[in-house]
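In what comes next, subunit A is part of two complexes: it sits with subunit B in the first one and with subunit C in the second one.
What follows is the complex of A and B.
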């Protein structure tokens, strides 16, 4: 319970706090949440039980209950959440953002809603938290974003809101077959196939918009570009994970009967997305846009892996989610550093930064290599396992998805080469300051250590995934 | 019955108090009277009072909940409007008393047991509104609104009355209970009854402003003084919906067959016409008018479902809707602009952070974004009809998707940057109303949990 209350209280306090206090609030508040989550994960390690934090039957007319609980999967998402926020605050500690009451307040509200999304064990409660996340990120992007952002943000809001309405339809429709939206009740419903298809379709639309999966992605690059860089980090490292988490936790267990119907279309769309986004990323000039499309490409692979829904693919998907979260933080932070110090996002106007800022160049290189999944990085384990699973599902899709390794290397290294090494076009570039350096070091260590010892993550999520798979498949077999 | 008598006496007393030419005294009398009414109603919840007996009125739980809600909103609107009313010292008493009389009519509609009381209630509800719509005498638009509302309204009343006459001709009684028994005993449906019901339905659709009887809505809403607009959108709509729900459910044993088809068509049309017209509005009150047409479309879904919980769902919906309207009307009183252009709200959230915050909450609640109370109202209404009319719910959800666009446009205007924007002053009364509606918007969901 305290996991939810602390960010909410901090969100209210930081709306009125003085400038000096605000920085400490932001740093120590996010650290406190991280420590609490880390403690709970440590205690939980190796178990597969659903630990209930708080449970209250709210109302029979709404069929909803206030049920918060966690298992290994939830804890991994919470850990990602807990790691990203302090790093975000640290990286932007001296900037105008962390000195702004509205920003810090909205950041804490975002954390509150995200923790709620991951903890809620009731469909309606999940929907409520899911929608709350939209407001703070929208306001952050609107208040602190750059350029002509009004149109992009209206597009963003309408896309995600309409997607969520599709999910609301599924929830309401599901409600006519059950008397309680509690997790344990809805996963054991045993819907007929027709109903299951409709239910899964609604959820899929909502998650495909937020992830985003190929034909519904058009809001994403515009929104990423017009948000301030901490906003982009929140969007890409955390908000998009909500959708992937939702697919595993809600969409498939709710209507496993329909997975056969949607497996092929979603995997095909993900593969189209992987290739399409990568090819666009190769041609682009705007560094933030390159990483935005890279994000579509990487998420496509994870979404495809989730739809295969085997033990290995789920293990790898969760590892990739963590990996993608950390890399997104580092990549968009690098893009933000370049943008802030050069006042441009255009790759054509950069060049020769490596000479002026060797430390930055080194860390950017580490992150870039981790992003293209070289061995010894976390991405290698995850991507390898995912490709293996997609390959054994169907060789042709494995082959096509495999191009992500080559294309990914091309667009990432191209962006790196153009900005860091090409003929010098700038004369001055301030190297990393201490805080940014600290953030890079932490992320690099995490990426390498978890690349060498991924079983830390597997031990945390593994038992819960096994249990989830068991429950989904026994329901399918019983019918 | 006691509540109505107390309320009516309050209206009369405040008319006399107004002779002192001290607006604050009138306000206090009215507020005390309305509060006493609310207290009397809540006592009724535990032990029914029987001081005054009258067969035409019957108090049940829903009467009390609806009555308390309407009283609460009237209370808030009197508070909001006081700053305007008190400027005309000679008429302060008139305005406040007229609003209270209208509330009396609403209370009749929550509790009638025969068609006679139903008609009286509806007229007591409407006539003060005809007067109030034109109360801004120097404004041409206000006079136009009053004329329009009065002519079309009295025509609709005529249609309704004709319908009641037909129903009486077919069934031979005014009592709701006897009517439903007579209908149940009838072997073949009588044409006279059908015609009567259709005419009553038309009168109802006019009163709530559903398509194709919605043309008076936008003009009257934008022409009337702000408080009257708010009162019409909340109390009058709540009362009309409740009255007709009572009539259809208790008197006609629920609607079926042909009428359901009519209502579905009207509901779909109402949603689309309201939404699509609202997309390009540039004035806030016209936007509210069209969006309220859309909301009528959603609320009509309630009438389609035969279910003992329907009154509770309908109540939840209007309870949620009311707080948004109260907040928006207060904000428009604070800005106090003749033209009421949406552009005038530019940077409003920056110059007046608190009022702007409540305004954004109100708009998001209208759009149905959880955890604000508007979401819970919408959710209940939609989930009640999903089994019988899934396609209708899909259409309603599509409309919620369309609606987000114009709410978002207003929100973006309010939070945008404008260095020339001047700060508007927020009077203490408005601040009180804004904080009440803020609590209503955020915590109203829990109230609806409790009531349901």
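What follows is the complex of A and C.
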């Protein structure tokens, strides 16, 4: 319970705190949450039980209960959450954002909502937290964004809101078959296939918008570009994970009867998305846009893996979610550093940075390579397993998805080449601050250590995934 | 020391060196950095030699498992057998000499510590590649050497004139390699799907079973995909154009990565997977023809190149093609033999060219050289030895190793033999051309360069001398049976202890045929020598200006326009596709259609708004219409 209360209280306090206090609040508040999550994960390791944090049965009229609980999957998402926030604060410690009450307050509200999303064990509660996340990110982008942010934000809002409504319809429809929205009750309903298809469809729309899965992605590049870089990090590293997590936690267990209907379409769309976004990223001039499309491409692979829904594919998907979160933080932070110091996002205007800022160049290179999943990075294992699963699902889709190996290298190295190596158009570039350096080094170490020993992650999420798979498949078998 | 401990120390010594230099190298003097990096290499070589002597039978040592899932696991495990330990000795041995050379060559470079970090890191990745006991490890190292190659090709990215070209060359190398990597990855998935394991030993055992129930198509698919991987790393058609560009890297890098070790990874892969390739005759045929074509085309291009390193680069591509021909004919031992001798003399030639470039103040154009034998005698003698060895001069190492491949070809098909012999002749011609233009005739550089001509220091010439000795005597590793039972075919007996290779049939040529083969090869080389001597020394023929070339010379000089064709066929269309997808599909169609939906709501709102016009009489009218409609409805219902 304290996991939810602390960020919420901090969100309120930081709205009024003095500048000096604000920084400490931001840093130590996020650090405290991280430690609490880390402690819980440490305790939990190897178990597969659902640990209830807080449970309150609300009125039976709403069929809703305030049930917070976690298992291995939840903990991994919480850990990602717990890691990203302190790093975000650290990376932007000296910037205007961490000095701004509104920003810090919204950041804590975001953390509160995200933790709520992951901890909710009641489908209506999940929906409530899911919607709350929209408020802080919208305000951050609106207050601190740049460019055509109003237009982009309206688009963002309409897209995600329509998606959420689809989910709400599904939940209401589901409500006519159950007396309780509690997780354990709704996953054991045994719906008929027809009902299941509609239930899954609503959830799928919501998650496909948020992830995003092709062709529902068109809000994403615009929103990423017009948000301030910490906002982009929140969107990419954390918010889209809600959708991927939701697919595993809610969408498929709620209506496993329908998975056969949606498996092919979603996998096909995911693979189209992988290639489509990667091809677009090859020629873009705006570095943030390049990474935005790269994100669509990477998420396509994870979404495809989730829909295959085998043990290996789920293990790999979760590993890759953590990987993507860390890399998204580092990539958008790098883009932010370039934007802030060069006052442009256009690759054509950059160049020669490597010579002026060798330390930044080195870490940017490490992250760029990690994002194309080279060995010794976490992406290597994740991508290897995901592609293997997609390949054994159907060899042609494995081959098509595998082109990400080549296309990813093309757009990533192009962006790196243009920004770091090409003819210098600048004479001055401040190398990394100590804080930024610290963030990079932490992410690099995490990526390498977990790249060599991914079983830390597998041991955390594995038993819970096995249990989830068991329950889903026994329901399918009983019918 | 046990074998396990030896394996571990050999593998991790370069990594320790890389870590040490990478973290504290910045604060240390150059001599300490260089000594540490070179020292770990020499120790690693010494340990691999110890390991080699201790070796009896293949052994697998599992460290930990990276992924352990229900039906399969990917292990970080090492395998010591004759093939892997032999490759380790080449990588560490030649690597150590090249490290030593680099201490002198890179001495004035600002990124000295970085250079040695990358170089050690490369050796580590390469050792993972050759020492791994499964395809996963191989892939791990395979990608690893690719990154190190990228870093080292683009090492001088901040160079005033060539920085941009260097970084572009690095990018090209990485991307082209990735195309091959996809092939390799798919091959891995196929193997996993078919056999459920990636361990070499288990696979070899499964493949050797008599009742093997794998369709020929699956075998064809697996081997073809493996070979696609090999074409990327080993620079074969169609993925070879990155290697000549990779010469943008510092010369020791070209010697170590782009001649002696990394580019032989594809050959190592095929030799390692011999149990698959033996069951896939169609793939073998493809390998044979691809190798042959690569060998001829690269040799043809090398003839008119004027950059000393480009000549050597195309020579490498050509020699690798030569080796692939051997693999296509099942000549795995012959291939590994040539890989070994090639490592000696190609490393020697590259380091020699490095010494030349060093003496000439970073001049690489052979039109500006000449008469260097007077100024840099040690480099000259060793370079001559390298040239003779690669040209196949009688009784030097290249002579024997090439001969073995030619013997396979003669046994296999006479036309292929003739074409290969022709390729060997081209090799002799362009190498002697290079040698004569650089070391003989008159000096054609600037006065400034002339005044600075100097022999390199001992730490650069010593590796040259050692490699020259190896290039001379390397042939004794695998003498033909002509030389008596006791000393011949040592290398063949050695490699036969590797899984699968014992089952591969040997070829047996009668003595007279062997002698004819050797005679023909010698005559070809000597004719080429005399021909180039007359042309470049007696007649003083010099390469003409670029724009005066005509006919086949122009074709050769412009590399058969491969880069231009690829640019036209692949690069441009992909760029165009990218722009079209973005501008038309993403922005105009997808995005617009979402806006259309939004506008549709907007318009319908506008329409409905017209009803709410605030005029009471209009509301009354609608009310009346409504009542009438309702009345009618109830009337009809009754």
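Everything that follows uses one rule, which is that the second predicted complex is superposed on the first by the 479 of 479 C-alpha atoms of A that agree within 3 Å, B and C clash if a C-alpha of one lies under 4 Å from a C-alpha of the other, contacts with A are read in each partner's own complex, and residues count from 1 in each chain.
The rule we apply is simple: a contact is a pair of C-beta atoms (placed from the backbone, for glycine too) under 8 Å apart; a residue touches a chain by one contact, two chains touch by 3 or more.
Since the model is a prediction, treat every value here as computed from it, not as a measurement.
> Taking the superposition as given, does A:62 touch the first partner, subunit B, the second, subunit C, both, or neither?
first
> When both complexes are superposed, which of subunit B and subunit C contacts more residues belonging to subunit A?
The partner that reaches more residues of subunit A in the superposed model: C.
> Which partner does A:123 reach: the first (subunit B), the second (subunit C), both, or neither?
Touch status of A:123: no partner.
> Which partner chains sit in contact with A:398 here, subunit B, subunit C, both or neither? Use first/second/both/neither.
second
> Taking the superposition on A as described, I'd like to know which of subunit B and subunit C A:76 touches: first, second, both or neither.
In the superposition, A:76 touches no partner, neither subunit B nor subunit C.
> May I ask you to decide whether A:158 touches subunit B, subunit C, both, or neither, giving the answer as first, second, both or neither?
both
> Is A:142 contacted by the first partner subunit B, the second partner subunit C, both or neither?
The first partner, subunit B, only.
> Contact-wise, after the overlay, does A:423 reach subunit B, subunit C, both or neither (first, second, both, neither)?
second
> After superposition on the shared chain, which partner residues are touched by A:172: those of subunit B (first), subunit C (second), both, or neither?
After superposing on A, A:172 lies in contact with subunit B but is clear of subunit C.
> Of all the subunit A residues, which ones make contact with subunit B and with subunit C?
Common interface on subunit A, subunit B vs subunit C: 158.
> Once bound in the complex, which stretches of subunit A touch subunit C?
Those residues of subunit A that touch subunit C are 155, 158-159, 215, 218, 276, 279-284, 311-312, 315, 354-355, 369, 374-376, 380-381, 384-385, 387-388, 391-392, 395, 398-399, 402-403, 405-406, 409-410, 413-414, 417, 420-423, 452-455, 458.
> For the complex, give me every residue of subunit A touching subunit B.
The contact residues of subunit A facing subunit B are 58-62, 124, 127-128, 131-132, 134-135, 139, 142-143, 150, 153-154, 157-158, 161-162, 165-166, 168-169, 172-173, 175-176.
> Can you list the residues on subunit C that touch subunit A in the complex?
For this pair, the touching residues of subunit C are 64-70, 74, 76, 136, 139-141, 143-144, 146-147, 154, 157-158, 163-164, 167-168, 171, 174-175, 178-179, 181-182, 185-186, 188-190, 192-193, 574-575, 577-579, 581-582, 585-586, 590-591, 594, 598.
> Which residues, counting only subunit B, touch subunit A once they are in their complex?
Going by the criterion above, the answer is residues 309, 312, 364, 367, 369-371, 375-376, 379-380, 382-383, 386-387, 390, 393-394, 397-398, 400-401, 404-405, 408-409, 412, 415, 449-450, 452.
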